[in-house]
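After this come two complexes, each holding chain A, first together with chain B and then together with chain C.
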Partner chain A sequence: MSVERKAESDVLVEVESVTKTYRTGNGLRRGTPTVAVDGVSLRIAQGEWVGVVGESGSGKSTLAGIVCGVVRPDSGSVRVAGQEMYARRGMDRIIWKTVQMVFQDPYTSLNPAMTITEIVAEPLRLWHGVDRREADRQAMALLDQVGLSSAVAGRRPGGLSGGQRQRASIARALAVSPSLIVLDESVSALDVSVQAQILQLLLDLKRERDLAYLLISHDISVIRLVCDRILVMNKGEVVDEHSAASLTEETADHPYTRRLLSAVPRMTASG
Partner chain B sequence: MASEPGQTVLTVDNVTVELDRPHESTPLVTDVSFAVRRGEMVGMVGESGSGKSLTASAVAGLLPRGVRLARGAVEIDGRAAGTDATARTRHDGVAMVFQNPMTSLNPSMRVGDQVAEAIRLRRPGTSRRDARREAVEVLERVEITRPAERARQYPFEFSGGMRQRVMIAISIAHRPSVLVADEPTTALDVTVQRGVMDLLDRLRADMGLAVLLVSHDLALVGERCDRLLVMYAGELVEQGETENVLRRPLHPYVRALQRCTPEHAIAAGGLYSLPGRVPQAGEVRTGCRFAARCELRTAECDETHPTLDAYAPGHLVRCVHVGRPEQDHHHERRAEGGV
Partner chain C sequence: MTEVLETEPVRAAGPAEPTAGAGRRVRLGWPGTLALGFVLICLLIALLVPFLPLAEPNEQDLGDTLARYSADHLLGTDQLGRDLLARLLWAIRTSLFAGLTAIVVATLIGLPTGMLAGYRRGWFDTVSARIADVVLTVPALVLLLTVHTALRTGITGQMVTLGVIFAPRIYRVMRAETIRVATMPYLLAGRMSGCSHVRILWRYLLPGIRAQVRVQVSYLLGLSLLIEAGISFLGVGVESPDASLGTMLSGAAAMLASDARVVLIPAAVLSLLILSLNVIGDIESEGERRG
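Showing the complex of A and B:
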């Protein structure tokens, strides 16, 4: 459990014992409440890469939603850059200038009616008030940074492959110049070769930009590769925390983490 | 099915699948041939667009509308099998399990009835009552606890892993010789995946079921399969025993795929990403289909389309460079890299 943390002053995101319960009901019956996130606290420092791993139903996506400002927790608090995220009744959209999200499914997360340039330029116009021409210019530069050629820029999402769409989603998130990007299973739906390309892009961004990332994945190897710190979630709680570089089946102390690691298929049949 | 252990139950012979258009031929799968023996699990791997799912559909007799079998044949239990989903009767020696168990189950029908329906379809004389009783036995065989009670529930009351077990129950209810499993665990967590894969392993031991496992996950097939078929752009590029294909891969594509995995990146201390993408149907050029992304590319690769040749008995590869110095040199480099 020896985890290095950056200095307290660098803390960007502070999540204090958040809890979120969903009620499944059909309007007539109240249904049983499901505790999705149960008293989770988490800190992300400036420029730090934190990964959350867990099985489906462990609450990791709900946690992502809470950090992004789209799922209001029942209790607890979320502070981003010193600002209380859920202080007001309504959704505080100002928070989206600091926190951006890249979703799992690149086929449904981009507006099919807009061109790739428009998709990336829109947040620049909305959040930074730059005019259309300047926004387009900056959008092209961002697309170039994520490895999309100008040939792709004029197309709509329908004309792009899954990997290209995910690059476009990342460019759109970067356009806002956020301090934190939340990636919810953003590489899970991709083929291994395309996944490697996107992971390479993330590693390049890690070097080039001083951004904090919260990466949610059920694939512990992906997290071990790109993150600094790993949180393991089970049944709504963070059960283990580990520095990513040193995590193996042997070094994991928590039985649940070991179980997750041992279930990952190995490349060769006989070890 | 009265087949001996080790006997070939599935033979795929030169299967070529094309877009079903009157005046042009756009091949999607080209000349795929392989055989699967009783009790064997054979993995079919490749990226999206490599033609692995179409090949699997042809084997299961479920080729979708819009594509046709241009050449070749599929034989199951020594009898010819249709490849087309529009055929009136399907070969009863084969069944298929799909990726998403929620969309392949009927949401408004009790689980037990869905299994019973599969039994009655294959054996029309069976009474409803017998079929229901047998359905509970089949659910028990796929390790669903309290099968009699669970049989009366609906799919939404099952978890993802349990739904996939129900799908497997439906497909094995009539005791086929061959099960085609198309990404059966891709939507599942690793721990649930392990349970479903253990079940498939047990079914092939108990029933002698032959499994064709289609997956993009090299690690998964490496752990579970006896033999591997690697597809690229609609054709087989390497095939052989799992151990040989993964430990001593011959085709540059297989090596590149292995190096792309995060596990390899962690071990090697750096990420390798294979540039480019799989050529789509109609983009296939003359010469080697992988040439554009290959690090061993030479002029020869652009001119001649390599054939699938035996490098060693049972280990086939489609590459002009196999056995050449560049390849051997490459092997040494890899060994030094601590792979």
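Showing the complex of A and C:
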């Protein structure tokens, strides 16, 4: 489990031994509590692409929520750009200037009542105080950057394909100018060819903007293709951590990681 | 970056698709077109009737009662010799305005409280739900009779009261709709785009539940018209000699055996209006289910 780390000063997000337990049930009957995340620590540095892989139910989305300030952990600490997230009220909102999210389902993650331009221009106006015309202009430039034509810009999400919608979601997140984008299964719902296009787009954007990503997927082949560093989650715990280059079925020291890897049909010899 | 060729088709709205699209048009079909047309004509009459060249609706001519159709009286006259056409058109105005009063009051109370309860949950949800429960247990007719005798605020007071009675229905539907829409990830995306809660309610939630508002307004307007007719018939709504669809029925009820026309014409208009509003409501809610 030896992974080289970037310098302390570059650390964007620092999650330390966070735990989250969901208590279901109502006032009358107490359901069994689910430990979704159990003592997980995670550091993401500027410009780093971190992957989290694990079966469904292993706590990946909960961890993503914790990083974005959407899920409050029961214990442990979350620091974003050196600031303690729950130190004062409203911090969870302020961190969205640094950390943004692209969701899993392209069909429910864009407001159906707004046009694509409006959706992308909104964070420019609300977070950065850009006036309407300038925001629209910058939104068009962002849409162009994510590969959406001006023909799409005036449409509402209903007129877009799944891949186009994820591009629009990425443009919306970019409009905030974050340092980190959390992608929770953001390519999983797409066709394989479209997945590859979106991953290529993410790669290009990362080069241009020195972005960091936290890419979450149940599919280790996607993670291994693009990530610098890979965390393997199982039952709420990080059971294994690898740099992408070193991760093969032979070098994986945890049996769970080997199991995930062996489930993938071998496509490329170099992995 | 150049436009990437997407091989993927634009998927038709599936079951997961939120149905909030502004510009989403419901297919009316011919029953819907007829119903909508009839309601719109009635609304137009309601607005224009003071400007139409009509006889004085309350003017009696006891020498010319129950007259047949003529150039002077296109629909003839009633049992007191009043021009039936004039009375009918004024009645449409009075009844529709009364119904709309109730709907506006019900929506002004029920929509914001329902949205807020569904969005924020917590104590506001609990308290408002209890209040709605209490209001729903009050028998509408008893309350309307009480308000009539105690306050004597006329038909407007009665319809404001009816609006308060209807408010919990709107509240409940809007609360449930809000809870449904509030689980959509796009609300969180909106928060992350910097939207305040107020902006989320206005630009993200309201468009998503607007179709249900239209459904409820159609149904409740129909019901309001029925109740206006009912209480006016009982003499605690619009008061004679003023014409409403209710007072026209009550005044002429005795005529059913001798000259049914005097009863049947306002009854037909009232029934058609209520039927049309229900048809529109059904089509809206059907379109809402299909997405």
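Rule of thumb we're sticking to: the second predicted complex is superposed on the first by the 258 of 271 C-alpha atoms of A that agree within 3 Å, B and C clash if a C-alpha of one lies under 4 Å from a C-alpha of the other, contacts with A are read in each partner's own complex, and residues count from 1 in each chain.
We take it that contacts are C-beta pairs under 8 Å (C-beta built on N, C-alpha and C of every residue); 3 or more make two chains touch, one makes a residue touch a chain.
What you see is a predicted model, and the numbers here were worked out from it, not measured in a lab.
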Pick one for A:Gln195: touches chain B only (first), chain C only (second), both, or neither. first
After lining up the shared chain so the two structures overlap, which partner does A:Thr257 touch, if you call chain B first and chain C second: first, second, both or neither? neither
So in the superposed three-chain picture, is A:Tyr107 touching just chain B, just chain C, both, or none of them (first/second/both/neither)? second
Which holds for A:Ser61: it touches chain B only (first), chain C only (second), both, or neither? neither
Considering only the touch criterion stated at the top, classify A:His218 as touching first (chain B), second (chain C), both, or neither. first
Per the overlay, which chain contacts more chain A residues, chain B or chain C? C
With the two complexes superposed on chain A, say which partner A:Gln166 touches: chain B (first), chain C (second), both, or neither. neither
For A:Leu203, decide between first (touching chain B), second (touching chain C), both and neither. first
Should A:Ser179 be classified as contacting the first partner (chain B), the second (chain C), both, or neither? neither
Do any residues of chain A touch both chain B and chain C, and if so, which are they? 161-163, 191, 193-194, 197
How about chain A: which of its residues touch chain C in the complex? 68, 70, 93, 96, 100-101, 103-105, 107-114, 119, 122-123, 125-127, 144-149, 156, 158-164, 169, 172-173, 175-176, 190-191, 193-194, 197, 201, 204
Touch list for chain A against partner chain B, complex: 55-56, 161-163, 191-197, 199-200, 203, 218-222, 224-225, 259-260, 263-270
Residues of chain B defined as touching chain A within the complex: 47-48, 160, 189-194, 216-220, 222-224, 242-243, 246-247, 256-258, 260-266, 271-275, 277
Quick one: which bits of chain C touch chain A in the complex? Just the residue numbers, please. 1-4, 6-11, 13-14, 16-24, 184-186, 188-195, 199, 203-204, 207-208
